[in-house]
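The chains carry the letters A, B, C and D, assigned in the order they are written, with residues numbered from 1 in each.
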């Protein structure tokens, strides 16, 4: 299905403040960016660079006053996610180099602390895809989805303990548990059609059977029609906005609609 | 000035043929991509990747029949190019690592063969910007711009000898001569407002005084309002289309217009 | 001073186990690797790759039985570290792209949680080098150095609270506090001459005044004669050994001696 | 077989001259660097960096007077090269991204000019390994190996015409012909045991059947016991020394001996 997705972020800025945005989806497997729009009001000088994960980042200095960024993308998306029960575990010695960094613990995914829980959950599953699916499904059934229960410092260890959180927390926990089984796992931030209430979304991918597969612990049956915007080790890497100073977020709108074709 | 620039390329394809396009301008110093459109007819699966120069590349397989790619970008551009007479030569030991590869000879820029000519042309200029400007100006005055005099295998050495060519040849010669003076130089392919006749354009950049500066040997006074699409060592790196098989180019249109703002 | 430094690590391995070592110092500013030796007993097939921080990594599978890795390097080192009181803070918009990732929170350096402490410690210092030096000095005076008080999961937040740790913990705290002031900071693991008791060491670098400077919170007056082996965001990135399975560490020796010249 | 290989290069330098060396072999498939030595006389400040092909490069400024660089490596090497007749051609759409740049023409490998010759030579061979082997074997039989017949500007097109050259020329021709069949090919510079007369050597690799294979057009039956030092598109990328100024090469010695084990 072709989607038109976008977000509009409005700030109140007191003093010139550097901001780094990560708001440009790239074309990739199962997603083709056909139209794109990126409007900054008032205009600011922007330097765009590619970070070490391949994300396009926009660095700019927001001038004092009201400052708004709006991006829209029209994207052909896959109607279903690829699933592959039985896809085998890849031995660490056979992993592509680019996946190795996604085995390490990171800010919000302390894989080094969650080995026991991972073994409890996935101990009986076949190594690989089925282990990750066991983790995903366990989170979906055992962690309560509730707004306002977590914040920007909440980590996978916190979520494993408190058993409550939002999509970001579900994702961190899924990643940390997968990595503790020596399965590379990475965070994806993006749009999901018919998410309710509409917002930006987060899910994860795990590398099994020779490629990355999509997992989403917030849904019983993970749906397709996703637009990935950014990839990274965890939320620290894929913040859609990183601000270096005090700016007030005044408003944020997100939309994902079916495009007329 | 805000420009709307685009191109439409139509092929006749006999058998499924891999193509790599490089048709997505990125936002950078002096250019902000505000809107973009990339339409493929009929649709094909595309993998987008970043090459070692930072260019976004689209790899796809064209199906048999008529195949068309059309891209459009709305871009804020600088009305003038930055010039800096007197900007000093940067000693090789002080060059940023990323610039070093642009000192080496390449397919169409045999810097190793053009040292004598470079010294003749720029021998009296102050090391750095002024040398490159002397080269640029010499090419502009001594090489005749004429269509149909060169082809895909024409190199800087050929152009130095034949003293005739098109923008691609002027650019290769400017690059090769600059490199022979140990000044990093790279090719840029892109759009130029009011180019006549309208077409894709090529120019070059040289690294002096701590940054890259724009040089265009096809114009007496190089104008601004440029949109860079791709950077590389020479035309081999920045072919906007690389085709791996026999496809017939049926039609190509390029346009660069002032946007309504 | 020219140093001969090395380490010997001996494992008992039950089943074939993938290991990734990071044990090859590279030549860089202030250190020149003149001789190097890397011996693996029994021999194993090794693939060497460069990670995203530029570290050389050796991936291999340890066979069952006793397994030993020994590396030695003869290195010219600087007798003093470069210091530069007054070196100014670099605005985020002016930072080189490669430093931006070192602003983000990471597994052991939760910069997002330590802003208040950083402001208490460094609030009166001039922005830049002096802030980092205030942090370094505060850690040196307020955190107790004691073995056995921390483990592989101890983070900067833990250390700020418990006020005790080892070089790794001092480093994580220094990094997290620097980052919370928007100063890029990274971890270094390596050798230090006359460290007592001799062991591998960890310290940090901060980017101020346009370059990276060395800071070591474990010493009143940080000494020179250091050999950097690996750089990264924190200990997760620069583990000199990452093991993916149960191998027992039987013995580890480290030595750093003055070379005969 | 374990080899001890090295080279010693002596220059006479008139004025401080920047040099970039590429003299550090890295451990990789079929080669393990166990000991290494890199001695510079008189000593000079060196910055080591990794180029875009993964080669370790040493940048330094040679002071006036006699200047000598000597490197030695003790390396476990494979006694035979891997051969795989029948290994299939990889479709361009299936090639790993990192191999795509090795399809393009380059300074000394004008693949765009040699399609006819490649088809003559390899037209009847099975696509893939057998085509490259047909090319290699044709060069070995049809190009005469003779010193002093080519120089630093000789390219594959020249060699195809003059039918004479040295290892560098044989390699360029093999690469250009392979690329003209849309097979990625890259140059390797390194040591070869029992080369006679002893010198640095050059050969090429082609990507077929999902991996890189070694080809050497200078030998009837390419032998093993090779140490790769550097990889690149052609000799412009893998010059073991690139000099930026007038230094006189006074002497160069190369040795490759069996190590005592």
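We take it that a contact is a pair of C-beta atoms (placed from the backbone, for glycine too) under 8 Å apart; a residue touches a chain by one contact, two chains touch by 3 or more.
These are the chains along with the protein names UniProt gives them: A, B, C, D = Transglutaminase domain-containing protein.
Everything numeric here is computed off the predicted structure, so don't read it as measured data.
Steps from chain B to chain C, minimised over paths through touching chains, total 2.
Under the contact definition, chain C and chain D share no contacting chain. Put simply, the chain farthest from chain C by mean CA position is B.
Shared numbers divided by all numbers used gives the overlap of an interface; between chain B and chain D this overlap exceeds half, so the copies present the same residues. In the Cα superposition of chain A onto chain B, the rotation angle, rounded to steps of 5, is 180 degrees.
Averaging C-alpha coordinates per chain places the centre of chain A 36 Å away from that of chain B.
Work out the mean CA point of chain A and of chain C, and you get 29 Å between them.
For this pair, chain A with chain D, the centres built from the Cα atoms lie 43 Å apart.
Contact with two or more other chains is made by no residue of chain D. Pairwise, the chains that make contact are A-B, A-C, B-D, C-D. Residues of chain B that touch chain D in their complex: 18, 20, 49, 51-52, 59-61, 91-93, 97, 100-101, 103-107, 109-110, 112-113, 152-153, 182, 236-237, 242, 244.
Looking at the complex, you find that chain B touches chain A at residues 26-29, 32-40, 43, 45-48, 50, 54, 56, 58, 76.
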